[in-house]
Amino acid sequence: MNTFSKPLLTALLVGVGLCSDAFAQKAEVIHWWTSGGESAAIKQFADAYNKAGGQWVDNAIAGGDNARAAALNRIAGGNPPTAAQFNTSKQYHELIEAGLLSDLDNVAAKGNWDQWMPTPIKNVIKVKGRYYAVPVNIHSFAWFWYSKAVLNKAGVAEPKTEAEFWTALDKIKASGQVAFAQSGTMGYERGTFSAVLLHMGGRDLYNSIYEKRDVNAIKSPAFKTVLEKFKKLHAYTDAGMPTRTWNDTTALLVTDRAGFQIVGDWAKGEFINANKVAGKDFGCFQGWGPKAPYMVSGDVFVLPKSSNKDVIKAQELLASVVTSPAAQVAFNNKKGAIPIRPDVEASSMDICAQAGVAALKDPARQTPDPSMLVPPDVFGAVGDVITKFWNTDMKPEDAQNRLVAALVSK
Amino acid sequence: MKLPTRRPAWSAHAALIPMGTTVLVAYIAGILWTVRISFTSSKMLPKSDWVGLKQYEVLFASDRWATDMVNVALFGVTFITGAMVLGFLLAVFIDQKVRFEGVFRTLYLFSYSLSFVATGVIWQWMFNPTLGIQQSLRSWGWENARFDWITSQDMAIYCVVIAVLWHSAGLVMAILLAGLRGVDEEIAKAAQIEGIPRWRYYLSIVLPQMGASLGTCLVLLAVAVIKVFDAVVAMTNGGPGDATDVPTKFIMDNLFERQNIGLASAASTTMLITVLIIIAPLMYARSRSEKNA
Amino acid sequence: MSTDIPSMLSPRPSVQWFTPGRIGIYVFLISAALFFLLPLYVMGVTSIKPMVEIREGNIFQFPLAMTFEPWAQAWSSACTGLQCNGISVGFINSVQILLPSLVLSIFLGSINGYALAFWKVRWGHWAFSVLMLGAFIPYQVMMYPLVRMFAWADIFQSITNIVLVHTIFGMPIMTLLFKNYYGGLPPELFKAARIDGGGFWRIYFQLMVPMSLPIFVVATIMQTTGIWNDFILGLIFAGREHYPMTVQLNNIINSTQGEKIYNVNMAATLLTSLVPLAVYFVSGRWFVRGIAAGAVKG
């Protein structure tokens, strides 16, 4: 482009921009999707929103805590963003109680959310009969991933039952390889524990611990067994586990240096970035059997309350765009998560995502992630107990007592 | 040493107005607000109810908080001693009219220019037994080399000490060097003529004269100890278990992720009172000696 | 240990090389240098390795296929969200935030230290005690009341806001630095200046400032590092249009759910540290012996 036309073009674009500014619904969105893959995903939303006549103003801040702190302080300072990302959980419920969020009943009614929204998600976005958050994806923590090369070397196939899983771990360890890769950060130790509780303890026990927070369940022999099984996994880990991040841990599977890892479906990005193919280089399963429970979590946008008509219009447009089928598929394919709507075309997704979609179709399998059942401080207290139990020689009975203190009477 | 003036120095009062305003509007208000919140049941947003000492009860019943206090004490003693000794030695040795003084000085300060996050990440790699020093020693032939402190419940905290020491010793050196250079060179020459050995000269003559810079360093290091957070998070995230957990991390976790600002405020207030108990006698003694001088 | 007689004619005593003492000095300094250099070496080497080597290889290994791509990416094309313009985006903002904050925080710190060290302001010492207590409070604890106050004053999220915040949080340490330094000076200096008829400001500008260059240098080093590397205060108080470089850096390094591109991360971190480093390098000229000592004699 020669030097003459550039200023002209710029002027033209500025002019057009100024004009369209008056008509476009400006939406400033705070979120924490900053990596390459995540940015590619959020771009799908931004493009869809801009195409629908809006103007997406991106405010990406890495780290969930940072992004949420920024959003909260903006709300406290009287200068809220149009939308802010939170996890599908109880993180934003206090904002609802304080009357600081717009309700979305208009959009929900138009989109028939009542009909198809998965129940665990509906339960945390619909409070006192009104919708207060827009879910944008479904993630799941309790996935088991494995490196096919490592399993092949140990002469093991994908375990179809829990018993086969333990046998597989033994065989991989016997073959001189690292059987179980675990991240040393508390959130991921707790995640492994919750997955073990769900898939080895069963859905009922999981619910009585996290949902009902029943003292008797926590002190039961069945739960003690779960704790013992969780601790048993420790023997299959490697020396580099303490303090290692989850990405460095998944990297072990990607480079065929460890067998299994329990981690959320965001780990898929690590494999894909290294050009590994699901079903060929690595495998994935969530629990065992056709009725295995499927842990549900994810992300939502909340919309801080405003009396400004333009802001309200922008928020409604945003909510309807991000929940539309096309945007859902585009976003979640890049994100490695699953669309919130069941009525989407699953064939373009990889086999792990397809398995997730299939599992979600059965309401009996949908299980809320612990953060959707307990408030953040209780969830944190549980994590403190679990990490200490995992890293020291604390007895299961001791852990049970401490979990009672953490979970009950709060 | 302070010269009392006979009449009030209005310019001095006026010049201190920004400090007074800051203290009143930011610090006193902030401290009072924190203390007030510690008596409420505030979760994510501040509430103005009253629950008495309930947050403090939860705090002191917390096994994690008890471990945190022990950890920060261990960290503090080791780190402050190490940083003062290393910083002093570096300053003294650099002061020996060495060649390339500028290069050495910049080298030792380089690590200070990095954020604590970067420091934590790099030392996490170095200490990781399968990635870092242990792994390298083994791959170079030393089959049974062991350096897995970071995986140990007892030793992990010292890994954090080493990392933060690496980061901050350069600053201690810089401050002590500035103080060192304020000591009259004539005395050095006189000491040399007298035949006093160099090390004796530094220990018995120079050190006592460096009270100001030593005091500054001690306070800076103490502040760094109480506030140590980013390095811990980046390096070990408080782990393994709670072996490297520190009070500031407890406060941050409850302030943000756990949405429990009532508990976080109780923890902050407790830390503040602890600091007050430790430094108040020192400051009182200092102001007494200043009055008498 | 040294056997030469200091000559009164030469500006400094001559030094004998290669005595055991001298060798010992250099051994110590070089060992210390290795301690400080080793992690930096790892950072540097990682920043010029391709990801494949980082995943598979040893952290100390020199890259087989060296590449400076990560540095280019870190500066201008790494993704920090929808924008993929690296950390260069925030550079100007960081400078805009740094310069006024530096000037204000150091100026106020030196005035405070000077007034507290030499002048009788009784409430000043109480205020200073509160300030020292406040130094121990983590910033985030005081964030909410400050946010409300700045919002009420209608300057929330602006350059003014962030400059004031840096000044507020820098005041305890800066005041301490100067108070201790001025307190360590011989009292005769100030006495003499007062007898000469100097007032508060005249003594400050004509006597104290020239004499405290080393401590101004130390203050500059500390504040430049602290303000340039600050993330959380800039995130909350500067506003989206004025985000400092550390916000982009955080987006590159701390992305929660993507693959960690370690080489770009390290390159970005090293790039960010270049500004404080340049300050250290340039400041060397003022670490000269005898500035304070010279003033005593003169």
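Each chain carries a letter (A, B and C) given by its place in the written order, and its residues are counted from 1.
Criterion: contacts are C-beta pairs under 8 Å (C-beta built on N, C-alpha and C of every residue); 3 or more make two chains touch, one makes a residue touch a chain.
From a predicted model like this one, the values you see are computed outputs, not experimental measurements.
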Chain contact topology (line, ring, star, complete or other): complete
Best-connected chain pair, where connection means C-beta pairs in contact: B-C
Computed distance of Cα centres, chain C from chain A, in Å: 39
Rounded Å distance, chain B centre to chain C centre (Cα mean): 15
Chain centre separation in whole Å, for chain B relative to chain A (CA means): 37
Contacts with two or more other chains, residues of chain C listed in rising order: 140, 144, 253-254
In chain A, residues with contacts to at least two other chains: 64, 69, 248
Per-residue overlap in chain B, given as positions that touch at least 2 other chains: 131, 256
Chain B-facing residues of chain C, complex: 1-2, 5-6, 12-13, 15, 21-22, 25-26, 28-29, 32-33, 35-40, 42-43, 58-60, 108, 111-112, 115-121, 123-125, 127-138, 140-142, 144-146, 149, 167-168, 171, 173, 175-177, 180-181, 183-184, 187, 190-191, 194, 199-201, 214-215, 217-218, 221-222, 225, 229, 231, 246, 253-254, 265, 269, 272-273, 276-277, 280-281, 284, 287-293, 296
Complex contact set, residues of chain A against chain B: 64-65, 68-69, 72, 91, 94-95, 98, 184-186, 238-244, 248, 375-377, 379-381, 384, 387-388, 390-392, 402
Chain C-touching residues of chain B, taken from the complex the two chains share: 1-5, 8-9, 11-13, 15-16, 18-20, 22-23, 25-31, 33-34, 46, 86, 89-90, 93-94, 96-98, 102, 104-115, 117-119, 121-123, 125-126, 131-132, 135-136, 139, 166, 170-171, 174-175, 177-179, 181-186, 189, 192-193, 197-198, 211-213, 215-216, 219-220, 222-223, 226-227, 229, 248, 251-252, 255-256, 261, 264-265, 268, 271-272, 275-276, 279, 283, 287, 290
Chain A residues within the chain C interface of the complex: 28, 32-39, 42-43, 46, 56, 58-64, 66, 69-70, 73-74, 76-79, 245, 247-248, 251, 254-255, 266, 269-270, 273-274
Contacting residues of chain C [partner chain A, same complex]: 55-56, 79-84, 140, 143-144, 147-148, 150-151, 156-157, 232, 235-236, 240, 247, 250-261
